[in-house]
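Below, each structure is written out as structure tokens.
Shared between the two complexes below is chain A, which has chain B as its partner in the first and chain C in the second.
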Partner chain A sequence: MPFVLRLILRNAFRHRLRTTLTMTGIVVAIVAFGLLRTIVDAWYAGVEASASTRLITRNAISLVFSMPLNYEQKLRQVPGVASVAGANWFGGVYITESNFFPQFAIQGANFLDMYPEFRISAEERKAYLVDRQGAIAGRKLADKYGWKIGDQIPIRGTIFPGTWTFTLRAIYDGADAKTDETQFFFHWTFLNETVKARFPRRGDQVGWYVIEIRDPTQAAEISQRIDATFKNSLAETLTETEKAFQLGFVAMTEAILVAIQAVSFVIVLIIMAVMANTMAMTARERYAEYATMKAIGFGNAFVAGLIFAESVGIALAGGAVGIALTFPVANAFGGALATLFPVFFVSEETMLMQVCAATLVGVVAALIPAWRAAHVKIVDGLRAVA
Partner chain B sequence: MNAIPLSYIARNLWARKLTTVLTAAGMALVVYVFATVLMLAAGLKETLVSTGQPDNVIMIRRGSQTEVQSGIDRPSAAIVETFPEIATGQDGRKLMSKEPVVLINLPKRETGSPSNVVIRGATPEGLTLRPQVRIVEGRMFRPGTSEIVAGRAISQGFRGAAIGETLRFAQRDWTVVGVFDAGRTGFNSEIWGDAEQLLQAFRRVGFSALVFRLDDPENIDAIKRRIETDPRLQLEAKPEQQFYADQSEALAKFISYLGTTISVIFSIGAIIGAMITMYASVASRTSEIGTLRALGFSRLSILVAFLLESLLLGFVGGAVGLFAASFMQMVPISTTNFQTFSEIAFTFTLTPAIVLASLGFALFMGFVGGFLPAARAARLSIVDALRAA
Partner chain C sequence: MNDGTDSAPLVAIRGLGKHYVRGDQIIPVLVDINLDVREGDFVALMGPSGSGKSTLLNLVAGIDKPSAGRILVAGVDIAQLTDSELAAWRAAHVGFIFQFYNLMPVLTAFENVELPLQLTSLARRDRRERVENALSLVGLSDRMDHYPNELSGGQQQRVAIARALIADPTIIVADEPTGDLDRVTAEEILDLLQGLNRELGKTIVMVTHDPKAAGRARRMIHLEKGVLVD
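Take a look at the complex of A and B:
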């Protein structure tokens, strides 16, 4: 057996330049493939982070429309509902438009209780709750702008005009890598009081309600019950699980997502063509050797096996280097586009797919050369000139 | 210098078909991706830029970036209407349209997944200001009724938006009585209804945007100054074309950045493919190269011959990739513009600049992939090369 392995290894490095080039190609392809899969994963980050016990109720027309504040009381009375908290999208600008991060006005301690994945120390939480201009920022966000507890953060409103100044009272850490650490929260009551003073008609409005339910299996029934409560009112509601709500956002940009997914497979195709070319050339040059081996008595399957082993070996070696390189590349990419992809990490599934892709490239590339080598007549093979 | 005939170069590629096809296919795929992405960005830009008319101006609340975020109360709108720089229509009224713009959530016809669609409250002046909007099916909505007309992309892409169907929102059933086509513009992804009816239905008291025509395009600065100096107004004015171009900026940038990065990474793979092929080509023809040199062809001729072979390979790949990409022009694409949070339909657009860029990119890959092997071929000494076989 060691003899066969040595033969394969020697064969693989007979044309050192060619093998190195092919491997480099595979490394690049596997890195690109992994990066694109990670981008797709990042797109779904919000969906992955959603909890099955949370429902979202919003205005049925669209998210642009709000609901009255008194819905909160009615929502609490719906059987199966454990807790309710409202939130608004603030959509402000910090210094310039390019510094985008999501800002939410949230109702009281309820909201924080419903999102245990945002970990805040007890003192900071208390400090936030007692300061009506207080705000909470994610760890990544605070690090990015160098904010410290107690800092004043001015944000210019686009939906709610004027400059709003918040005091950073707490910084939250994510429970795991899936948690978005770039969000910014502040008191809904602060927003509401200010809005009511400046534009009386726009006060007492809530963008959406987060609802915690006791039993996740009852999500569908509770959603229906809630929507039935507000049927034929001025603000009819649409209630869905947090996951469905997040998937709705993903679906909106489906076209781009499909394109990225398609492109991630195109790179595998490209490298398949390159690798197949390499193996075709390699096998063609060795027809005489294969014929000799067959003349000595080795079978067709053995000859084909040699080519397969060489091809898959090169592909997997390239793949291994590629997977190792994916991590630093993904880190750099995620760092550069942190505003677009707050959650960006290479998942185990992606690595598995990279291994599969590398194996597939190796196998497919060897198909035609192996078939040809196995079927070459000894006489023709011995006569062959590369 | 004696040049090696082109037919000799081309027949070398033909002699090893499988290798040539595989290498060219790799390049074709790269060029296909490269061209498609450029076409996408170009299509998006073209759609949003041509949405605006050159002498139209749009006004929204200061600080709000989109029409949907904006809000303009009636007194402010009335003040703006008195500005002398605004053109007057044939009926003696100002050519200004006061429009509410909201988003509604509609399910897509094919997948059922919801997306946000713009509903615009239109006025007779608004139609005059946008001559590109034409009814192609059915008729225009009657003012004062719950009738709406849908843009062609919306009518095809969303449930309940085809002619004769009804949409339910804001406690009313709205009948689609017509489909309009606005060429390749953003209006194709909108639904239009009577402005006053929509304001009532949505319980709004203010408009979202004011659109008007200038009596003289030069007056844009005068208008801007007038708004800034009037303490009663919290508005900002932008030429309509610039307004829509700004709205496509983030998405277009995202598409072209991502696309360029991907193309560059992919091209490394294709260049390596070309290099492998050309090195093999040189290796298997060593004695042939020796013969050519012995016949009197110079080193430079050999270098040029191999480079041309590689460039030809790149050109074939580029042409095939571009040919395949040109078919993408038939594929309509519709996605959410994350700046406006609303649906926008556009097409892949192939421009002469993209054709040139793609072919240039393909030739570049051929050149880079072929240079080192060609240099090796040119450096071979005659005696060693002739002895090789």
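Take a look at the complex of A and C:
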């Protein structure tokens, strides 16, 4: 092992308890930082999963208000529109209120074609499309409740009263880790026909339309054309990209997100202060040694480098353990809050941020001690031994 | 002050002054020092506390800078060198022996002695050979893998002497090398220094309070209130 590395390692573990406690602090901070960043990512999962080729058209007043079914034909005629599919939020309860999962009534094969990230076998897709009461569930959702193909799933309607029984015909897998596998889909026609039979005035209404466009760069123009089409109608529309639509939901809880992000950075700041104190103490204890090295002929940069390397080394070692521990902690956390965060995984970006945070902690903590050690006069440093 | 011989001195100090500024006050530490040290000399700097002897030693060793005057060591005016030039100069020309040994506690005796050689381009095998010879010279061949806290004070000072010797410096500076040792051990260390001077021809400048230690030197120089008195 090269001399410099040997010196740095031995210095780092000179006070084992101090180094261990400092590293433990960094581990906890990096895990907490990673977990909070993962929560923020989970919040944005819908935004991240959105496609640039999809627009959402909804009632301009609010998403709560629906739009007439006959808009579909007009939407298809707007230049640039490739495909249209309507959907409704169902908002039912499976057994008890605590079993929350999103349920959507969707229009036919069009909707599924527009969401290639929901991967369904051809056989199951066909089985779903031919069954009026058929339903599709995400893999995580099916696993959670132990559903199998062919199972009857009773859901008590809250917006649409009554007990609705669906037959599970397909289970989709997400194309990647960002795909939400906790959603539940069934036929919009089944919902519409039933509603029309029970509450005739509520029939033929669509919550929102998903619109596939041919050219993503034309999204703004197409959105304007769509909204212009329904200008001065009883249900004016607001069309935006799927990403903007999802961001609208995130914006409702933005204050919480800002708070979480702030806390994640405060944690890094706190550990930075703790680490800086440790390194300052360490360097102060070794002034005589640094002065001796400088007297022997080692330069200021070498002495400063020793402190930087030790500080960054400790921070990165703690950071590595912290990153490794983030995965089981995030898994446990995500499992416990699967209803709230259907997509919960530690992203590569989060890991990179954790590495950067650990490095930053090490570098910042060493700045002042390294500067002092490098600039202390040899004669003053040598006096520190007496 | 010179030693009365005509050959060019290894260390030539001319009009050397050093003062500290504290607020509005200027505190003189050394005043108009003129001193020659010949190659192979063993000089003891003596004087009461605060007389400026350690300051003079630090200036000769290039770890402090004078306020006035010149210090020529082997023809180089070290007062004119920049910090980085001084560091390189010290690495090549000065061996240090401190009162409290100043060994790196995380390095073994071998590694402590090897430390100055890390600044050279010597191959690992050559370094090892040199370190083993140096430790053998100070009688610590059997303590090479011991850490400083596993050695007695005298043994630590021997390691420090080996470290001072290892790069074959032009001059060895020793600041109270026996100040932290008992009488018997101090005598052993002084024997060693005297041997280095007499047998290997090493030039040594030593600061000491102890007249017995100073008696081992070839020459004694007294300082009082920053002025050479004899």
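Heads up, the rule we're going with is that the second predicted complex is superposed on the first by the 383 of 386 C-alpha atoms of A that agree within 3 Å, B and C clash if a C-alpha of one lies under 4 Å from a C-alpha of the other, contacts with A are read in each partner's own complex, and residues count from 1 in each chain.
To be clear about the criterion, a residue touches a chain if its C-beta (ideal position, glycine included) is under 8 Å from a C-beta of that chain, and two chains touch if they have at least 3 such contacts.
All figures in this text were calculated on a predicted structure; none of them were measured in a lab.
Asks: Once the structures are superposed on A, label A:Leu69 by its partner contacts, choosing first (chain B), second (chain C), both or neither.
Replies: neither
Asks: Does the superposition put A:Met351 against chain B (first), chain C (second), both, or neither?
Replies: Neither chain B nor chain C is touched by A:Met351.
Asks: Touch test for A:Thr253: chain B only (first), chain C only (second), both, or neither?
Replies: In the superposition, A:Thr253 contacts chain B only.
Asks: Any idea whether chain B or chain C touches more of chain A?
Replies: Larger number of chain A residues touched: B.
Asks: Between chain B (first) and chain C (second), which, if any, makes contact with A:Val379: first, second, both or neither?
Replies: The answer is second: A:Val379 touches chain C but not chain B.
Asks: Pick one for A:Leu21: touches chain B only (first), chain C only (second), both, or neither.
Replies: first
Asks: Of the two partner chains, chain B (first) and chain C (second), which one does A:Val47 touch, if any: first, second, both, or neither?
Replies: In the superposition, A:Val47 touches no partner, neither chain B nor chain C.
Asks: Which partner chains sit in contact with A:Leu325 here, chain B, chain C, both or neither? Use first/second/both/neither.
Replies: Neither partner.
Asks: Looking at the overlay, what does A:Leu367 touch: chain B (first), chain C (second), both, or neither?
Replies: A:Leu367: touches no partner chain.
Asks: With both complexes superposed on chain A, which partner does A:Val266 reach: first (chain B), second (chain C), both or neither?
Replies: In the superposition, A:Val266 touches chain B alone.
Asks: Indicate the residue numbers of chain A shared between its chain B interface and its chain C interface, in ascending order.
Replies: In the superposed arrangement, which is not itself an observed complex, chain A uses residues 386 for both chain B and chain C.
Asks: Quick check on the complex: what are the chain C residues that touch chain A?
Replies: Contact set of chain C toward chain A: 58, 61, 63-64, 83-84, 87-88, 90-92, 94, 96, 98-100, 102, 104-107, 111, 114-116, 118-119, 163.
Asks: Within the complex, which stretch of chain B touches chain A?
Replies: The touching residues are 18-19, 22-23, 25-26, 29-30, 32-33, 40, 61-65, 68-69, 102-105, 111, 113-116, 169-171, 202-203, 205, 234, 254-255, 258, 262, 265-266, 268-270, 272-273, 275-277, 279-280, 284, 333-336, 338, 341, 343.
Asks: Which positions of chain A touch chain C when the two form their complex?
Replies: Against chain C, chain A makes touches at 3, 6-7, 10-11, 14, 288-289, 292-300, 377-379, 382, 385-386.
Asks: Sort out for me which residues of chain A touch chain B in the complex.
Replies: Against chain B, the touching part of chain A is residues 17-18, 21-22, 24-25, 28-29, 31-32, 36, 60-65, 91, 97, 156-159, 161, 201, 232, 234, 236, 238, 247-248, 251-256, 259-260, 263, 266-267, 269-271, 273-274, 276-278, 280-281, 340, 368, 386.
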